[in-house]
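After this come two complexes, each holding subunit A, first together with subunit B and then together with subunit C.
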Partner chain A sequence: MIEQVFNGLVSGAFFALLALGLAVIFGMLGVVNFAHGAFYMLGAFGAFIALDSFGLPFWAALVLVPPVLGLAGVALERTLIRRLASADPLYNFLLTFGLTLILQDAMKTRYGVQSQPYPLPIQGSVNLLLFEYPAYQVFVFGFSCLVCVFAWFLLARTRIGMIVRAATERPELTRAFGIDVGRWVAPVFGFGVALAALAGVLAAPMRAVNPLMGADLIITVFAVVVIGGLGSVLGSAAAGFLIGVVSALGNLYVPALSQTLVFILMAVVLLWRPAGLFGREETLA
Partner chain B sequence: MTKRVSRTVAATVVAMGLAACGGGPGGGAEKISDGKIVLAVLNDQSGVYADLSGKNSVEAVKMAIADYKAKYGDKAVAKTIEVVSADHQNKPDIANTKAQEMYDRQKADIILDVPTSSAALAVAGQAKAKKKLHINVGAATTALTGDNCNKYTFHWAYDTYMLAHGTGTAVTTEGAKSWYIVYPDYAFGQDMQKSFSTAIQAAGGTVVASDPTPFPNDNFSTFLLKAPSLKPSVIGTMQAGGDLVNLVKQYNEFKLRDKGIGLAVGLMFINDIHSLGVDAFQGTKFTDAWYWNGSPENRAWADKFQQVAATRPSFAHAANYSAALQYLEAVQRAGTDNSDAVVKQLEGYAFEDVFAKNGQVRAEDHRMIHDVYLAQVKAKADVKEDWDYEQIIKTIPAAEAFKPLSENTCKLS
Partner chain C sequence: MIIRSLAGSRLGRLAIPLVAVLALALPWLVYPPIAMDIACWALLAVSVDLLLGYTGLLSFGHAAFWGGSAYVTGLVAINLQVPFPLAILAGTLAAAVLAVPIGYLSVRRTGIYFAMVTLAFAQMIYFVVNQWRSVTGGENGLQGVPRELMGVDLSDPFVFYYAGLPMVLLGFWLAWRIVRSPFGHVLVAIRDNPSRARALGYPVDRYKLLAFTLSAALAGLAGGLFVISHGFASLQEVYWTTSGKAVMIVVLGGIGTLWGSVVGAALVVQLEDYLATAGFQEIGIVTGTVFVLVVLVFRAGIWGTVANLLRAREARREGRAEAAGAPDRPEAPTPTSR
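Take a look at the complex of A and B:
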């Protein structure tokens, strides 16, 4: 049972990293980034390509791939997302959805749909007092926790974080204080993309690396963000771990419901707390 | 009067001329409908089965046409042979519409391949309604030759019964008496779970537990953590494609093999081994319908295939070649592409080709029976080249490999 909860936390780590990026982007840009799953997939492929074409091990990929894709995210924001910023949010939703299809098909054309091989970087298992667990999965859990704490620190305790938070909640007022909000939009988008890519790199050794790997995941991640509270950074991360545990236990005890469980939970949360578990209700000033 | 006669003659000549345009000189206009044979390949060209069937199945069918033409030359009944193809995205509704379009508008005489059981059953229904042929290669369900069989539908490569009775029986009789079955919760998985349970029990084994898993799913740890407490000798996984890769990766992470829990895979294509590398599967036994390096003849065909497809063929590719070739041979024997005549030629026909050894099309249910193989994944040290992954350890004779007619529920109509 405790093992199963831990297993849930490990898969929750992926939800948390992805939801975190999605929440940051939504908060700052108001963009529902459907391409997030595709960046997760590109992260995993980045690790595979680094190893396959350049002989770079997992650890190098972990350091290199997220910044590279983060920069690609910045470029994407500058060239495409920005143009639609003033239009209905639906336009950017469609843009990122289309982008997802293009990225998936581009990878399919090059690599096919069959999964690509990727070795496990850490062998063996770790004794966690109560049970033994594969070392790599323990690493994934610990590392994602660190990243979540780091992201929280960045947003809550630094000057950049303060600007980003202020710009998220009251963009006009922030501008009135003489802060150039626009300057921070692209880096935040890039940061969110880099988090998705990081989750992808972490997934490569333990999950099937193929062009469709992000497509199924992204729907669940949207539910996670809604449960956590749209735009609430810490809430998304916490909801990610929660959903991981819920779906792992659901798989075991109510297999027939396991796939709908997340969405039932989402519906319940929305009825009970429309702003999400950790979101604050918008009040008209 | 003469004027009217000459007009009729002229019209007939024009009509024949038009027919001949399609059929080529002396194309036997009335014997071949529309003056040409159209082979349609309907399969998954963008999703999970795109690599193991997909566009390369179309190439395999073209190879069959080339071989047929080379064999009969001027004597070929079918002078003009076309290939059309479409992507059904593994969705039964799309498969249904595409099949209609292929039979009606594209004048397809036969639809080939069609992986995904629900899509296959939809196409079989269309074949029956339009009285045109369907030879299924890619789908696994025994319903095609069971409850849902019909006069115009044939099943060529494999089915769930064959997989279960090959792998389930062999692994159980070799000593893995207790099984923990993990299967994806949809028609194929449920069908596999039933077939395997029956085969395992018949061979003297027991199924300690079977768990349905979400589909698709990327976290199988839940079930792998549960496994040790059940103390099975083997985990039987019925997952396919990306889900199989996920499960095997996680199986290896939990080191269940070291804990004495083996792995048996219900349906495995050579592409799956390629995805994970032989290390991940080393020693795993499974039933294969055909292996590209299984004989010099297979290898020669695989070399030709590689020239057009730039990869090694899966058994589905070879089976599509065989199905197209045997269809054209049946047209040749019948002297026409009339569906009823071709069906008559196929029923009961015994043959050999590169795919089918001791092949025979059963007249009673349209199951094509052929020798199948129990294969084992090679150790890395034994792999001599790319795609050289399998060791054939046993040939299961055609008569034993497939569901016996005595158990069959098919009533052809």
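Take a look at the complex of A and C:
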């Protein structure tokens, strides 16, 4: 059972990284990025292409791919997302939905729907006292935790983080203090996209790399952020790990529910705490 | 919420006979099975527009009701061999029943959260249909759904179009009645200012839930007819791309215009058919691009743009009449977006 908990923590790490990116973007822009799953998929393909075409190992991809896709995110914000900043945020949800269709099918034309192979960068297993566990999975969990802590540190303890948090909560007042809020929108969007790409690179050796890998995952992550509440950045990451563990345990005891459990959890949270576990009550729109 | 446009009454009056004639002529204009597809997708889009355009709720999960009804209709038709309208009625009721718990939970959130919650619930239905192989056939889908109607031969898609058309028109008529009714006006009030509607004593969540259920029933009607028309139900019916396509049609046609959904459905279904016959596999690149462009530069949609132009012309003419000393007439509502 403890092994199952650990499996849950590893799959929860992916939920957490994706939910974290969604929450950061939502906080700053008020936009839910549907294309988040597509960027996760592109991250995994980035790792695959780096190895396949340039012979770059996993570690190089881990360092290179997220910033590159992050820059693509910045460009996307500057060219398209920004145009809809004054419109209802739902339009950006629809815009990124359209982008998802384009990105998915563009990758399909090039690579088909078959999964691309990617070798494990760390072989062997680690002795975790009670059981042996694949070393790469241990690395994924540890690294994701580090990234979450790093993101928290960035937001809570640095000047940039302070500005972003202030701009999220009271954009007008922040502007009145002479801070150029608009300057930070694109970098924050890029940062969120880079987190999704990072999750994708981490997933490449573990999960099937194919154009559809992000589509189903992102909907599950939407359920995760409804459960956690997008208002709290750390809360959304915590919800990611929590749901990973609960689903893994559910899989152990009630295998028939393995895929639906997260949605049942969402239903329970909507009944009991509509704003989400870590969310604040939204103001009536 | 997104766009306020009670399609100009003049355009609306003109539309009814126009749409009726077009609906009757459609299988002469396009390949008959495509005509039925257009009718079904139009009805699904109208059901989404009922929520998005008139209640201010973006449902990204109508695949659950379209697809849920498709499977129930298919199962009833296969196992009971009843006339097809009865099978569709069963599917429609099933969709409405499914919508009650999903709607009850979803209306507790608004805005972007509502979209995510409905999308997530629809995905849950997808997983259930996928896993429940003994009943739904899993990835193979439901094969061999019959078209039974008291011994009448409906195998010709041209004939079947006219057999199914009354049900589609009934659906359109219901949507139109809902929008025009006092109930529909309360929905618009909730869309524009939920706090004020609540302050006036309307139980906002209950209104939303009823609208959600009615909308799901219309989506179910469309999905049931679609599965009878195609003769099989596949997982595609409950997949999130189906919900997305419905929303796409609404936005292209014009949010909050009802008739726009019909125009949008005709265009999208024709475009997809054209691409498929041309041997183009990755349809998403084209439809995605069209959708991105519509969202960026053409948010009023086709019908919304036409209605705005007509209204502007009317306003100009009235302006001249007023200058000539004619009595005042109440001003037409101008579309606003925020």
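Methods note: the second predicted complex is superposed on the first by the 281 of 285 C-alpha atoms of A that agree within 3 Å, B and C clash if a C-alpha of one lies under 4 Å from a C-alpha of the other, contacts with A are read in each partner's own complex, and residues count from 1 in each chain.
In this text, contacts are C-beta pairs under 8 Å (C-beta built on N, C-alpha and C of every residue); 3 or more make two chains touch, one makes a residue touch a chain.
Note that the structure is predicted; figures quoted are calculated from it, not measured.
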When subunit B and subunit C are modelled together on subunit A, clash or fit: clash
First, second, both or neither for A:Val10, with subunit B first and subunit C second: first
Which of subunit B and subunit C A:Ala106 touches, first, second, both or neither: second
Subunit B versus subunit C as contact partner of A:Asp216, first or second or both or neither: both
Which superposed partner A:Leu120 touches (first subunit B, second subunit C, both, neither): first
First (subunit B), second (subunit C), both or neither touched by A:Gln259: both
First, second, both or neither for A:Glu172, with subunit B first and subunit C second: neither
First, second, both or neither for A:Asn251, with subunit B first and subunit C second: first
Touched partner set for A:Val32, first subunit B, second subunit C, both or neither: second
Clash with subunit C, by subunit B stretch, listed 7-15, 61-69 or 115-123: 115-123
On subunit A, positions contacted by subunit B and by subunit C: 105, 108, 216, 256, 259
Touch list for subunit A against partner subunit C, complex: 32, 80, 83-84, 87-91, 93-95, 97-102, 104-106, 108-109, 215-216, 219-220, 222-223, 225-226, 256, 259-260, 263-264, 266-267, 270-271, 274, 282, 284-285
Interfacial residue positions of subunit A with respect to subunit B in the complex: 3-4, 7, 10-11, 105, 108, 112-117, 119-120, 125, 134, 136-137, 205-208, 210, 212-213, 216-217, 247-248, 251-252, 255-256, 258-259
Subunit B to subunit A touching residues, read off their complex: 46-52, 185, 211-214, 216-219, 221-223, 225-226, 241-243, 245-246, 249-250, 252-255, 271-272, 274-277, 280
Subunit C to subunit A touching residues, read off their complex: 1-2, 58, 101, 105-106, 108-113, 115-117, 119-121, 123-124, 127-128, 131, 194-195, 240-241, 244, 247-248, 251, 281-285, 287-289, 291-292, 295-296, 299, 337-338
